Amino acid sequence: MAKTRKAKPLVAILMGSTSDMDQMSRASTKLKEFGIDHEVVVTSAHRSPAQTAEYASSAKRRGIQVFIVGAGRAAHLAGAVSAHTTLPVLGVPLESGALKGMDALLATVQMPAGVPVGTLAIGGSGAENAAILAAQILALADRAIAAKLDRFKKAMAKKVPGVVEQVVAD
Amino acid sequence: MAKTRKAKPLVAILMGSTSDMDQMSRASTKLKEFGIDHEVVVTSAHRSPAQTAEYASSAKRRGIQVFIVGAGRAAHLAGAVSAHTTLPVLGVPLESGALKGMDALLATVQMPAGVPVGTLAIGGSGAENAAILAAQILALADRAIAAKLDRFKKAMAKKVPGVVEQVVAD
Amino acid sequence: MAKTRKAKPLVAILMGSTSDMDQMSRASTKLKEFGIDHEVVVTSAHRSPAQTAEYASSAKRRGIQVFIVGAGRAAHLAGAVSAHTTLPVLGVPLESGALKGMDALLATVQMPAGVPVGTLAIGGSGAENAAILAAQILALADRAIAAKLDRFKKAMAKKVPGVVEQVVAD
Amino acid sequence: MAKTRKAKPLVAILMGSTSDMDQMSRASTKLKEFGIDHEVVVTSAHRSPAQTAEYASSAKRRGIQVFIVGAGRAAHLAGAVSAHTTLPVLGVPLESGALKGMDALLATVQMPAGVPVGTLAIGGSGAENAAILAAQILALADRAIAAKLDRFKKAMAKKVPGVVEQVVAD
Amino acid sequence: MAKTRKAKPLVAILMGSTSDMDQMSRASTKLKEFGIDHEVVVTSAHRSPAQTAEYASSAKRRGIQVFIVGAGRAAHLAGAVSAHTTLPVLGVPLESGALKGMDALLATVQMPAGVPVGTLAIGGSGAENAAILAAQILALADRAIAAKLDRFKKAMAKKVPGVVEQVVAD
Amino acid sequence: MAKTRKAKPLVAILMGSTSDMDQMSRASTKLKEFGIDHEVVVTSAHRSPAQTAEYASSAKRRGIQVFIVGAGRAAHLAGAVSAHTTLPVLGVPLESGALKGMDALLATVQMPAGVPVGTLAIGGSGAENAAILAAQILALADRAIAAKLDRFKKAMAKKVPGVVEQVVAD
Amino acid sequence: MAKTRKAKPLVAILMGSTSDMDQMSRASTKLKEFGIDHEVVVTSAHRSPAQTAEYASSAKRRGIQVFIVGAGRAAHLAGAVSAHTTLPVLGVPLESGALKGMDALLATVQMPAGVPVGTLAIGGSGAENAAILAAQILALADRAIAAKLDRFKKAMAKKVPGVVEQVVAD
Amino acid sequence: MAKTRKAKPLVAILMGSTSDMDQMSRASTKLKEFGIDHEVVVTSAHRSPAQTAEYASSAKRRGIQVFIVGAGRAAHLAGAVSAHTTLPVLGVPLESGALKGMDALLATVQMPAGVPVGTLAIGGSGAENAAILAAQILALADRAIAAKLDRFKKAMAKKVPGVVEQVVAD
């Protein structure tokens, strides 16, 4: 990852704790595949609310276009970001604690009318899909990303093998 | 409710929408029974986050000692208040929407370490209990409230009738 | 709704049955508020799969930029659309049947890696939020929509009243 | 498994990913016990929808009589197959991800009227039962399979030991 | 329903109580549409276990080829039938009691290896789909039913309207 | 219900509130059918704990042999009774509040090792079954009740009609 | 376990598979502590229904007074036993498979009116409590068991230590 | 932990079993951080109810001001304590058994009107938060604790790093 130029992050990946990186790193990996500059932010809706509000409010001015936000348990971070921005916010409920992410799913997706969070699946595959959805959003105005998405989709289909075995049962 | 003197609210009852008053009014009723001045605030974690942060941050200076916070669905209001105060925050998950408050319960109670919300039962009985718990907290430094709580507890026990019928099965 | 010009739909609102209009109409209403042309499509992942595949595959060529897809129970429609497009797909789990939308929520949100659906809350408020999120996506390249979103967000905050009552408990 | 003749598959076992073979192989094992030729297909409702539609649509012409379809999480594969065929489709919700198959169960079984999926238990025992149910269906027109099912059922009953211990508690 | 000839039931529709007819009647209606003679049986796994065992054991001799079994709560009837037959058994979890059919779903679908029940959706739409699945099974050896299924599937697809409205948002 | 003799209650039916009588009255009705004297007690684990402890502790001396205990929500009454007695305690989770008895079921049945509660179904049918189970317990030492149970079981089986309709589908 | 006399089993411990012994052995251990002869039976509601019906029907004649029945997943065994007897049946939902016993709990406890199963907690502690409840039932007519239960209860209370530490926080 | 003076416990940490110390020790650790004397009590609502009632009833006289109560499964201990006191009771649902604390959560939080338990998250983070909430309650009348809470809250916010990485995606 040679930083030959300064990053111009279009996507912000937020999470409440560095321990969430296990699951959220798949979002960063996927964004890199699509050639999308981004930044990774650890901020908490509950422990550092002012930092979160400030970051969310100012991100648009700084060039951010889409938020990807992961959180576990009473997962409020995505909602807190959405409260402070009119940019699209994508939420990733993380798998942690006794309830394995069912709490995070409901706390992320059941937002009240007026303040949307587009929610993906629980855990790492949700983080990966958040990155793809972010790419799909950015692709509306960026032909290069759109072309990469088309190639990604075709390659994905080709990898599925179809009939793998015919069994004679004698 | 003759306002013969100015209120000195010790408890703040918060909710995200005036439609939550149906369930939250039981908290106000109970506080009045215990002789506790309070104020009722409609503010939203998601629609008016700055107002919520400002209210939660300044409440201690204004004399508030306990928060009672009701919210439904992805119920973030109690957590948002707790993020901005070191006062005790009591959460009431409200019954609304398709999931009938199970979402609100998990979003209220499953707070991360460092930012507690003492959560009561879903709906109106939870709101009533939040008021009683607030009274129990205030009673630690207020003998008048403590005495009222003792009377309330004894009266409650007395109302339970015990044996109500003996049935001869011939 | 005088049709003085031909619609140029940017958003497609899909649902599996005309009976879903009860909940999904809030998406259409909200898009109109934001001045976004759209079309309403009744197509089923299960009863008319070829129609669905054809619609999803060709929508991009016809100018559609975002899909809003509502479905109940084993809610596959949003996933089926996402399988056929690289456009952003927003899913709305509908409240119907014995399980009140919990089935639809899981069937919509738990998509496998590679094929995202940005999922909103169960029912009509989810439909409304899908429209707002679609507007947020389109606003990245459309200043008029962006300005409307800013006004909407500010108006929403202003409607929240704050302190509504101070109660003297004598 | 000497392939002394060409297979004439009557049953198709489908799954979305080769990693599902862990749980789905029990279906293949059981079909072999009943002497039923079958083929194993890896195809995805979401990543390779055209392949899935094509396979499901043409299977009847190729001699397939019953589908056994396993999938996890937002398990749409069985429903996608049922959408393209009038053959019986049996669904196996797979145990994977944070929700351990509860999501797959609801996404498989809660199909809308008109497009049935006969759903078995979550995981490997469901895969085994899908094979037995497929055998029961084929046995309606095949005395050899019917006879094997009768023997299987009697043998299963005989293996249950009944009283295994009498304990004197002194 | 003029009985001009004696019925030769191929399908047995079982339920534990006459009150289940509300939901189960849709199975009978659908079988009639497909021209399939059937009989309706009220028998209980728990209240009349001998009757149930006798009926399930002897049905094959009497010409029954498929069972459709509806039950609510701790829904054991489908499993009890499957325990006594090698014919295909289709289970319909009924919506009743406090848990609205979630209990019936789990009690019907989570059968142990060796004794399958092909389970449909909770409630009346599950009953309708059980009838369609029974028809799909019988159609493997009956061209008339197969032809009816093809027509049904095509008609179902045609009824889905596609684009129903284009909205100009001015 | 002519009280020609003094009741000698063998069974105590307990509930936390007179409003629970709606569901619990079915226990009393059933005990009367089996000729079993009983008494109905309203006492609360939480509001009148001393009364509950005293009643549970002294019931054996007063001739009570079985407890039937109904409670809703955080249903502790059955467990509280079991904590104070070595008599059999049967628990009935009541349907009330937002969670419809799922909370009461778990709070009643998930007792720790050492202090059992034999739990019946949620609601009125659970109350009825608690009475039957109490009769089954008492019948071990009472031939008259045993005979009534035998007649009840046979009558119940006879009421199930078996084949109710044969449908010719022309 | 010297068998110096022939066992006269008063309690039958049933389970569907020898693999259930892991969890069910705690019932046997506890019955031995209370000096209660019993027998252990492996029989299945689904794989050996005739054996189960025969055993349940004849147990009373053979001197059995209480059934303890453990089963997992779609746990029908306790209900199947209760269908064939007027003796008390105690059910133990076992922890197995993807749903960890929640399925077994609902399939055991949600029995229809007329056919009770007194259900204990999921897993081994439920098995232990079933043995204690069986002892409580038998103790109604057996002073020796009653005395052992009293001693057990007192010993259990004594083992709980009360205040274990006082912490000075300097 | 040099005991240079006698402890004057203000908080009582209760749990039903010494094995609960794993999760509950975080409450003790946190109270020590805030300089709050406390005592640790192992007592059971079910196995030692008289001890529990006696402890809860007398604690106020002994100087206790807040209860922190942890319990698993059918978690009644917090409710049992609240039944015997007018002091604030904070409940911690513990993660144990097949249901991983969901049972304990519902049994702790769904208390009836009149007898509140302020409930925290499942497991060790809930125990830690109970200690913080206890400190917040005590801080209302203790400036030293209030000052520590302020420092704790600021330190917590400072530890959250904000932007941790900017990624150039070339």
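Here the chain labels run A, B, C, D, E, F, G and H in written order, and each chain numbers its own residues starting at 1.
Assume a residue touches a chain if its C-beta (ideal position, glycine included) is under 8 Å from a C-beta of that chain, and two chains touch if they have at least 3 such contacts.
This structure is a prediction, so every number in the text was calculated from the model and none was measured.
S.K.: Between chain pairs F-G and B-C, which one is joined by a greater number of C-beta pairs in contact?
M.R.: F-G
S.K.: Centroid from C-alpha atoms only, then distance chain C to chain E, rounded to Å. What do you get?
M.R.: 35
S.K.: Between chain A and chain C, what's the gap in Å when you average each chain's C-alpha atoms?
M.R.: Centres of chain A and chain C (C-alpha means) sit 19 Å apart.
S.K.: Please tell me the distance, in whole Å, between the geometric centres of chain D and chain H computed from their C-alpha atoms.
M.R.: 49
S.K.: Please list all residues of chain D that touch 2 or more other chains.
M.R.: If we look for residues of chain D contacting two or more partner chains, we find 44, 47, 50, 73-74, 97, 99-100, 102, 109-112, 114-115, 121-122, 125, 156.
S.K.: Please list each pair of chains that are touching.
M.R.: Applying the touch criterion to every chain pair yields A-B, A-C, A-D, A-H, B-C, B-F, B-H, C-D, C-E, D-E, D-G, E-F, E-G, F-G, F-H, G-H.
S.K.: Using the touch definition from the top, list the residues of chain A that touch chain D in their complex.
M.R.: Chain A reaches chain D through residues 95, 100-102, 121-123, 125, 156-157, 159-170.
S.K.: With touch defined as at the start, can you tell me which chain E residues reach chain G in the complex?
M.R.: Touching chain G: residues 16-17, 44-47, 49-50, 53, 72-76, 79-80, 82-84, 97, 99, 102-103, 106-112, 114-115 of chain E.
S.K.: List the residues on chain D that touch chain A in their complex, please.
M.R.: Within the complex, chain D touches chain A at residues 1-7, 9, 18, 28, 31-32, 34-44, 47-48, 50-51, 55, 73-74, 97-100.
S.K.: For chain B, which residues count as touching chain H in their complex?
M.R.: 26, 65, 86-88, 90, 105, 109-122, 124-125, 128-130, 132-133, 136-141, 146, 149-150, 153, 156
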